[in-house]
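Here's a structure for you.
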Amino acid sequence: MEPARTIQVKVLTRVEGEGALFVRLRNNIIEDVRLQIYEPPRFFEAFLCDRSLEEIPDITARICGICPVAYQMSSVHALEAALGIVISPEIRRLRRLLYCGEWIESHALHMHLLHAPDFLGYESGIAMAQDHKREVARGLRLKKHGNQLLDVLGGRAIHPVNVCVGGFYRAPRREDLTALIPDFEWGLEAAMAATRWVAGFDFPAFRQPCELVAVVHPDEYAMNEGRVTSSAGHSWPVDEYETAFAEEHVAHSTALQSRRVPGGTSYLTGPLARINLSRAQLSPAARRLADEIKFESPCQNPFKAIIARGLELVHAYEVALEILKTYRPPVPSRIPYLHRQGSGCAATEAPRGLLYNRYTVDATGQVTASRIVPPTAQNQRQIEQDLRDHLPGLLHLGDAEVALGCERLVRSYDPCISCSTHFLQLKLERS
Amino acid sequence: MTAKPRLAVFKFASCDGCQLSLLDCEDELLAVAGAVEIVHFAEATSRMEPGPYDIVLVEGSITTPDDAARIQDVRANARFLMTIGACATAGGIQSLRNWADHQEFLQAVYARPEYISSLATSTAIADHVPVDFELRGCPISRQQLLEVLVALIDGRKPQTPGHGVCLDCKRRGSVCITVARGVPCMGPLTQSGCGAICPAFDRGCYGCFGPAPQVQPRSLTGHLLEQGAPPRQLVQLLRNFNGFAPEFRGESERLISQQET
Amino acid sequence: MNQTASLDLPLPACNPWLAHSVTIDRITPEVAGVSTYHLRFVDPEAARNYRFRPGQFNMLYLPGVGESAISLSADPRGHVTWAHTVRTAGNVTQTLAKLGVGGSLGLRGPFGSCWPLDQAMGKDLILVAGGIGLPPLRPVIYEIAARRDEFASVAVLYGARTPDTLLYQAEYDAWRKAGIDLHLTADMSGAGWNGAVGVVPLLLDRLPLADAARTQVWMCGPEVMLKYTVKSALRRGIPAGNLWLSMERNMQCAIGLCGHCQLGPEFVCRNGPVFPWNRMAPYLDVKGL
Amino acid sequence: MPPWFLEKACLQDLLERLRDRGYAVIGPTISQEAICYDEIHTIDELPRGWTDVQQAGRYRLQRRADESLFGYVVGPHSWKRYLFPPQATLMTADRTDGGWSMQAPVEVPPRYAFLGVRACELAAIRIQDKVFLEGPYVDLVYQARRERCFVVAVNCTQAASTCFCTSMNTGPRCQAGFDLALTELPTGFLVECGSDAGSELLASLPVREPSAEELTAAESAREQAVHQIQRLMDTTNIREDLLTNLNHPRWQEAGERCLSCTNCTMVCPTCFCSSVNEVADLGADHVRRERVWDSCFNLDFSTMNGTPVRNNVASRYRQWLTHKLASWHDQFGSSGCVGCGRCITWCPVGIDLTEEVAAIRGDVR
């Protein structure tokens, strides 16, 4: 047998967490593609059991330092479902505002520091800043706005401390929020400019008509709740999520991989999925901008996720501004509740995609079972599939270029590997 | 240092939040990048130069046999090794496994535990290699990170205060949540650095910066128990992100053994 | 209320927190790790008004790094530059050591109490110093050399770890010429050393005293040295009231307002650093005070 | 000067007249489930109908049967927060071509009117005056605030279980140190005047002469506070008893309970310890020296050559108590304690200084 050609990216960079890529070819036929996640397992689901449910949002935040709010949101919603707590519209708005902070921070970071350098040929956002100082500085300022919002609402940007089951420990003061308005008004314009900038990049011609999955809400661009909806025309209430999607444990990854049930096919969550499924519900400025830059509908080029992020950035700014301007502190800031035995689940839209949580609690308020399905675990299989489909167009290149091409594709999903720890190195073997 | 110091960031078991703190220094990031040569920082750059490095930031705890070997390598290449965050300095939240049955944990999370290679414990970096400086927090404070980096570049000792959270509470005018509301709070046992945010948000501190110097947890837990706090709650408060720090660990184990007798 | 010796001490004008800008005029390397910095005020007005008494100290300020209390080791009659002999220890002193001639820093002072020169007039005076304890006494030596006939016998007992770490060796001849009886010792002997070997209090044990009751002993050095020097002096019949020492403590404000330097009832910065031994005696041996 | 009477509803006039004169009125108001001092604009922000229940390590708000505006004692804040702020800029340094340029901060110090200052707090301000204004050095930050402030005192008509001002000779009656002093009655306030500024303000208020019944009622209301004070601290010879017992085993014992958390020193209205931080930009070209509250309970507070002098909790507890009650006499000619009881209430483990002192002296007597 001919020796295999292996292409390997030992450490995927500019992604959050630790992963690698491995590709093996024989006679230019792809034998194996593996997105390897070697992020050490941290056993969150195991030790959430036996903790008080009040502690859960603080602990789940630690699954991922990049999107702690998403973990807090999915967990509090799931626990509220288990306890039968109905939050007030004011609390809901404040949660939406908090989520906007995280979307802004995370999208601005990924666009400017992690993904844009791929298009412009730099090793990092910092290196890119030498020639594109204005754009990087603008990106950093946008990112900072997200963090400032999280600071005010949650005390700090990473692992904020204010989220609790039932609402917020303390409602922010109106003055503290209104003080942010001028920055956010600037930011809305800047986010549009940043999106036009990334929309002008050169995109590899690649089309991937896969199944897209996102939370969809009838009245708004979903963040905190809605039905789990697929581009294949299905839609499920969240509590049927586990009937439509299942996780499987593969040998090469410490992350579980999700797939559709039945059929076992891959699917994609995240900004592209959201925008394709809910484009009409983007904020007016984001919608206008999508039309202006002729963002195709549906968009099936994963590389263009950077534009989708830009549009969502604009959206998040506009939503945040609206909430900032009309904010009244919710009273109470936290809906009182009693412990009871129950089970509940929730799915919210993390910057990287759908994040599903389910908990069972007992009558004393202890968690007895938990399930957490992070976005990257769901995308992992689709990323592998996309690599299979994208690779043939690259194989004429040398190993280093192939590796780089694959890495770029992987980065376009903004995989957050640390959170997929129940979730990479490219190794390409070819003959 | 004449040439710009070479900075590298390495990650072990963690959430990435502490290294993100560096990228979160939005106003200073480019200046920092100008003062040091960032030669290895997988989260931010594709540049991956081999050692030796002048300044190495290590995030995360040691939880796998591979990582136990890798940290030796990192240390061998580091002139100054600084751990960042609760995972690296105390084992992190994942050190909860240290009290549990590891096999049970594996089975709870993974369908095919045989695919997973992991140690029975999550331990601090200092349990494996000498550490030159520890920066506390879950997550670390970006101001403190900047101060340490700037101090290292200037060749002086960093100024990171060692007092407890209570002092910062009082400076910012927060009312003691334990005394005024009976909410158990780890503030008196916890090193400052966060700016005393939890009590400012009407909740007790959960100890994410780890034990303050010369703490006596027993006095506080004794008093809280007298006031009616359930022992279980105190154990959980102690067994958080710094649960395996010796002072907190000792007290939670003492409380449990007291329960059992 | 405690008041230090009744001299009207020079105090910094107006805002005691505001540092003057000074530049390094000259650096005299003394021994390994110790240099004397001659500082010049940027503002000539400040220079004209600046006076200090032997024993007082300044706060030297390296912006962004911090402040340190450093004794004035200069001749109090100097008018242009003020000397500080500094041992490189931590952040402030290390940063200072990196500044060269022309380097800029801040200075607040003078602060603290001074050696009781007036009380010593016409009396026998013994100055005892260990290591970096000599700089705070050097202004006294200059003062005495200039007014030698106002004092009876004057002895300087000085010791360091090794012979090559004795400070100000170039000046010893001048001191001796001025009628100062200089006795040196080293904890450890070294090449070419033919002086005494042993700790400083031993020098006092051996020093002939003309009239113990009329002898003043002023000392500055590590706390153990002070302790044994006091023991020796008392054993030799020198009255407790004639013993003076200069104390060291962490200081931040230098004006008795920040609390750091408290030792028993004393603010070392404000009531000291020079104290009559009597006053400190009850507190010196209490652990952790 | 004989006292005047101000109708309850007219207290708002007092607030407004103060505001007319450019004062920010700081008074008691409910925040964070305690009675805190903060800026107030109307008397509706006062804790009307509330009281506090205090014991060692515990504080709770409770409804009163009446509508009193000042029916509580002292809470977690003290006026020190305003006169000696927790953070203050001492100077700035900027790098220039000609070296460092050092500047004193330019600030317009606020004009505060303190409403509801209790007798023990007047005594505490008096003590801080001695510390910051009457020594060889004046603290300019304190001075600027202190000189501009206006003090409206209130006589206590009740006491908490933690109060011991009678032992310290500081209360509960306001004797001096105020511009105006109020005694609250159900229908209004008896107003005494303590300064020219006070009389000037009083002249703008709709006051009348009090009736004889009102005078008696005020007297007995104040007496009630005296009677409610249970706690005692024997101060005879306290300085010598403490300073000659520096090796008493009780220090060790207290050191095992004390958390060294600094709460007692932070809430104490007279503790004044501070540290200076260098706040610099990244290149350290612009530096601010910032003074912050600090405490002798911190390990790194007293270091020498890099090692802590007070290297265990017991020695730090001893430093605190001996300074407060003993060496303060040497330094400032009075006790450093005014008997407000804050350190007892706000100690998270309920350590009570009066008990510690008694224990140390118990062996002496």
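The letters A, B, C and D name the chains in turn, as written, and every chain counts its residues from 1.
Throughout what follows, a contact is a pair of C-beta atoms (placed from the backbone, for glycine too) under 8 Å apart; a residue touches a chain by one contact, two chains touch by 3 or more.
Predicted model only: the values in this text are computed from it and were never measured.
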{"item": "Starting at chain C, fewest touch steps before arriving at chain D", "value": "1"}
{"item": "Whole-Å separation of chain centres (CA-atom averages), chain A against chain B", "value": "25"}
{"item": "Whole-Å separation of chain centres (CA-atom averages), chain B against chain C", "value": "44"}
{"item": "Centroid distance [mean C-alpha coordinates] between chain D and chain A, Å", "value": "51"}
{"item": "Averaged-CA centre spacing for the pair chain D and chain B, given as whole angstrom", "value": "37"}
{"item": "Contacts with two or more other chains, residues of chain B listed in rising order", "value": "154, 159, 202"}
{"item": "For chain A, residues contacting two or more additional chains", "value": "none"}
{"item": "Shared-contact residues (touching 2 or more other chains) in chain C", "value": "65-66, 90"}
{"item": "Chain pairs that touch, as defined at the top of this document", "value": "A-B, B-C, B-D, C-D"}
{"item": "Contacting residues of chain D [partner chain C, same complex]", "value": "90-91, 93, 95, 98-104, 131-132, 135-137, 139-140, 243, 246-247, 272-276, 278, 280, 284, 287, 289, 291, 294, 296, 301-306, 309-312, 314-315, 318-319, 322-323, 326-327, 329-333"}
{"item": "Chain B partner contacts - residues on chain A that touch it in the complex", "value": "11-18, 38-47, 49, 51-52, 55, 58-59, 62-66, 68, 109, 113-114, 117, 123-127, 129, 133, 136-137, 140-141, 143-144, 147, 154-159, 161-162, 164, 168-170, 247-251, 254, 256, 407, 416, 418-419, 422"}
{"item": "Interfacial residue positions of chain B with respect to chain D in the complex", "value": "28, 31-32, 35, 146, 150, 154, 159, 161-164, 166-167, 170-182, 185, 187-189, 202, 213-216, 219-220, 222-223, 227"}
{"item": "Touch list for chain D against partner chain B, complex", "value": "31-34, 36, 57-60, 75-77, 81, 86-87, 256-263, 266-267, 277-278, 280, 282-284, 292-295, 298-300, 312-313, 345-350"}
{"item": "Chain C residues within the chain B interface of the complex", "value": "65-66, 90-91, 94-95, 98"}
